[in-house]
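Note that chain A is present in both complexes that follow, paired respectively with chain B and with chain C.
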Partner chain A sequence: MKFIDEFRDPGHARALVRDIGATLERLGATAERPVQIMEVCGGHTHAIFRYALKDLLPASLEFVHGPGCPVCVLPMGRVDDCIAIARQPGVIFTTFGDAMRVPGSAMSLLQARAEGADVRMVYSPLDALAIARANPGREVVFFGLGFETTMPSTALTVLEAERQGVANFSLFCNHITITPTLRALLDTPDLNIDGFIGPGHVAMVIGSEPFDFIARDYGRPVVVSGFEPNDILQSLWMILRQLERGEAAVESQYARLVRPGGNPAALEAIARVFEAREFFEWRGLGSIDASGVRMREAYARFDAERRFAMPNLAVTDPAECQCGEVLKGLIKPSQCRVFGGRCRPETPLGALMVSSEGACAAYYQYARPDAEAAA
Partner chain B sequence: MCLGIPGRIESISDASAKLAVVDVLGVRREVNIACVAPDGGPLEDCVGSWVLVHVGFAMSRIDEEEARLTLELLHALGEAQAEAAALREGARA
Partner chain C sequence: MSPPETLPARWQGKTITLAHGAGGRAMRELITELVRPVFENPLLAPLEDQARIDPAVLDGGQLAFTTDSYVVSPLAFAGGDIGRLAVCGTVNDLAVGGARPLYLSCGLILEEGLPLETLFEVLRSMRRAADEASVSIVTGDTKVVGRGSGDQVFINTAGIGAIPPGRATGPAQVRAGDRLVVNGTLGDHGIAVLAARNELALQIPVESDSAPLNGLVEAMFAAAPQLRWLRDATRGGLATIANEFAQEGGFGLLLDELALPVRDPVRGACEILGLDPLYLANEGKLAAIVPAAQCEALLAAMRAHPLGREACAVGEVREASPGRVAVRSRFGGERILDLLLGEQLPRIC
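Let's look at the complex of A and B:
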């Protein structure tokens, strides 16, 4: 498997782990006072657990799992909106599989489907457009969510719908942008993070420059990273090297995919279809200014938000949920009072337990012994 | 959801919709290549390139030279450590 196996070479991993250990020692890090690195992206969270990187690394390095799982930060009210659209007569509601089990205030999309709504999982927004072409008598809505990684694909799908003149297709836009949220996080007074593993696939679209403020204004190193185990280890090694030298800069470990200015064609599609919202509500983090996008007036006819009635209510999370504290890195998932009890992957209370990219689900699936020890 | 998988563009299947057939781990799938298409140039120029495929879209070309450089750096790190280990062994002997 080209470009996959090469970045899983165990020899390279061993060399990196040794160098990381030596650097941590020179930095004076200990298990009690570890260096804390936040991986922003849920894809990295997933890889860290899947390859058990924590077990390879000394206890003087700790991962803090960041807010970069779009399914996990989706507020309940938005799920309720999805269900309200899906239940309208004649609607086919299409979504990525990840969003199916996210709990709304009364039910998930999966439960709505069991109760008769026509909810379909698709691999690509283009598949949703194909469903619209095949069902001209129905209204097909695609649930667009995700960071800049998925934004170009939904933007291009809307542009295709326009080009092909597909009138029965619309997008329920819940796309979010990561940088305002990182800024809000960095402004948290009790935040204790020494460096960041930057989201490689977001950077592939927007470039690495939008992360400059983290180094410049907050003095934290950022290394934009790939998703294979050795990519992540090398990024850690690069962050530690910066810490050792007392530097803070944005570096890229993922030059095979990330260009400094990002992908111009993707950025152009995003800019044509979307504009910033004044604010967007994140589950567990609250409302963050300019952290979401909506569709521009010019594409109003493809905008599900304007075409369908929906409750559009802010619904607060159940009081016992501690998702917000986990997202800020203040507690570990296993320290949440309902972790593994009333909140488990089969019956998630919080969104972090839903997606395989969510910190709680990853903890539950891969780190049970550890979790049990902490309980 | 935010992960992608490398694939190789095999042929252009629908130029007006910017669709190409991409081989992803031996499976052929139609993928939109608007984001990796050459500026103004013919789509055929993409054939043979490695790309990262994400939710049905080729999101970026994989720069094979950069991939090689990263791997070389990792390799050099491993070798330097093997050498340092040998040195330590030698000093002990």
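Let's look at the complex of A and C:
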């Protein structure tokens, strides 16, 4: 299939793996002292496991799975708020599919639907707006979540609701932004990461320039990458090449989509509708300054947070979870004390087990050792 | 007498009412004037409370008996409808056990307000599928539920068939080195139904693969008498069937990513929506485990049948990793192919 198979070509992959191996040798990396690369985005984590890239690469290279899965890092308290809105009389609550299974403190949206709440899965926020137009007597709320990847479509939907004068549509805004979280991670003293695979679809919107601080202030290479297996392999090779030369710069491997300055139309829509929050809570990481956005005053009438009563309570993560240590590259998912035991995809305790793009869920689904399958 | 082509004039424009399920004259008229003529066959004709079957039809074989219920929204989609599913699904459940399907029952649960035109089309579709499978619908039941208590039509079919002497399939027969084969492309039905729901702004030129597989299965047993184990890959797709094989049989299965047949439009839809075709439903696909030595003969026979033209070997039984299914990626690495937790949900980005 065009535009897919080219990026999954085994011949190209083998050539890249050879070059990666040779560069690692020149760097003196070993299985005991591997080069550690963080893939920031959950989409990359998923692709790494789906194509079993780890099996192709030498043990002297380790992936550290980053915080870039918006479904995983959604705090339980916000899911509780969703359910409180969805249960109010007359409300149609609309959401992306994979957010439906995320557990709140008492239940998920799937369970709330089973108990009678009108929760509907949509493929685009514009579908939610269409539901609002078709049901003028009901309040239709769209559960906006995700990084800058999904922010433009939500912003444009709010602008469209304003243009069409749809009064019964509102947005429950849980959009988050990745760079403050990467900065917080880089400020951790025990961090063990040599370079970053940058999030390609976020960079498609915001550009590659917002990642400059990682190279400039923290001396780590960043390569913004596409999501096909050969994209990821090429990005690894580009990072290793920088390490070999002793450089730290932001490069883009995803030149077919990413511009240094991003997508101006998308950025303008985001800036019109959203502004930074003082802080936002991340599941597994805690509260991080300026890491989320909310709706501007001018769009208050479309803001579900102002229109609906909700508990708005923080729910703390279970103490035995070691998500933070996994995210910093200190331990592998399977080394966490609850992995595969009390924390499984069907009953996730920690953030990283929640969505299929979370590191622990991907690890559990695609690569858990045999003994754990039998358990 | 061939079944009627059009709904009799006096039924046109009418809908199902609670009276059609009340056991009185309305129900009797519905059954004698609408249902019976469509299903027409000698065993059904007397309209007794049961069909009476001569055990000689088993021809010395073992009796196979199965049941399944059918609910789908929308009722019709490219390549099929609920009626076709209700016949093919039960026929296939018999066929993959090595049985030759003989007779089906048809239990209808109708929602008040259902247009009789819709019911008539569903029944005709059942008849066409039954003719394709050479089975008869010989007994049945009709219930009507109030508006809002159902979703237009639910169908239950049970079926009986005869397993000829000497055919024994199941986990005990399977050996390491055996091959896993499928009769064609995966995920067509799942994507066709998704497309028919009109919730996606995607035009996907895919038809459901819904078909009765008993003819194909006969050809398979003729070509490879030592067929080890068969199942139809319906809900949960090939991934689920492969896991059932591995877990119930206590062996490992290794699938080859590059060998798995998926049509381009299905692949494209899955790429866009973040779905995996291995978990999508099929309604005319089976997976079979066969001794390696008979694999080529089996594939040749399958490819000579209209429902097996794209048959291929997709994996191998191994002793390692018992109970587990793995996929060898195009690059040579292996990943686990697990059971899904629940329904497959499209990913956010």
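Assume the second predicted complex is superposed on the first by the 369 of 375 C-alpha atoms of A that agree within 3 Å, B and C clash if a C-alpha of one lies under 4 Å from a C-alpha of the other, contacts with A are read in each partner's own complex, and residues count from 1 in each chain.
Just so it is clear, contacts are C-beta pairs under 8 Å (C-beta built on N, C-alpha and C of every residue); 3 or more make two chains touch, one makes a residue touch a chain.
Bear in mind the structure is a predicted one, so any value in this text is a computation, not a measurement.
J.: Should A:Asp127 be classified as contacting the first partner (chain B), the second (chain C), both, or neither?
T.: both
J.: In the superposed arrangement, which partner chain does A:Glu357 touch: chain B (first), chain C (second), both, or neither?
T.: both
J.: Look at A:Pro70 in the shared chain and tell me whether it touches chain B only, chain C only, both, or neither; answer first, second, both or neither.
T.: In the superposed model, A:Pro70 contacts both chain B and chain C.
J.: Just checking: does A:Ile193 make contact with chain B only, chain C only, both, or neither of them? Give me first, second, both or neither.
T.: In the superposed model, A:Ile193 contacts neither chain B nor chain C.
J.: Tell me the contact category for A:Leu56 with respect to chain B and chain C: first, second, both or neither.
T.: second
J.: Would you check which partner chain A:Arg18 touches, where first means chain B only, second means chain C only, and both and neither mean what they say?
T.: In the superposition, A:Arg18 touches chain B alone.
J.: Once chain A of both complexes is superposed, is A:Val223 in touch with chain B (first), chain C (second), both, or neither?
T.: In the superposition, A:Val223 contacts neither chain B nor chain C.
J.: After lining up the shared chain so the two structures overlap, which partner does A:Ile4 touch, if you call chain B first and chain C second: first, second, both or neither?
T.: both
J.: Look at A:Gly146 in the shared chain and tell me whether it touches chain B only, chain C only, both, or neither; answer first, second, both or neither.
T.: A:Gly146 sits against chain B and chain C alike.
J.: Following superposition on chain A, which residues of chain A contact chain B and also contact chain C?
T.: On chain A, the residues that contact chain B in one structure and chain C in the other are 1, 4, 14, 43, 70-71, 96, 98, 123-124, 127, 146-147, 149-150, 201, 357.
J.: Would you mind writing out the residues of chain A in touch with chain B in their complex?
T.: Residues of chain A touching chain B: 1-4, 6-7, 9, 11-12, 14-16, 18-19, 41-43, 46, 68, 70-71, 96, 98, 123-127, 146-147, 149-150, 152-153, 156, 160, 163-164, 199, 201-202, 204-205, 227, 230, 234, 253, 255-259, 263, 265-266, 269, 355, 357.
J.: Using the touch rule from the top, collect the residues of chain A that touch chain C in their complex.
T.: 1, 4, 8, 10, 13-14, 43, 49-56, 70-71, 96-101, 110, 121-124, 127, 145-147, 149-150, 201, 229, 345-346, 356-357, 365-368, 370, 373-374
J.: Of all residues in chain B, which touch chain A in the complex?
T.: 1-4, 6, 8, 17, 25, 32, 34-37, 50, 52, 54-57, 59-60, 62-64, 66-67, 69-71, 73-75, 77-78, 80-81
J.: Applying the document's contact rule, which stretches of chain C touch chain A when the two form their complex?
T.: The touching residues are 199-201, 264, 267-268, 271, 273-274, 321, 323-324, 329-336, 338, 341-342, 345-349.
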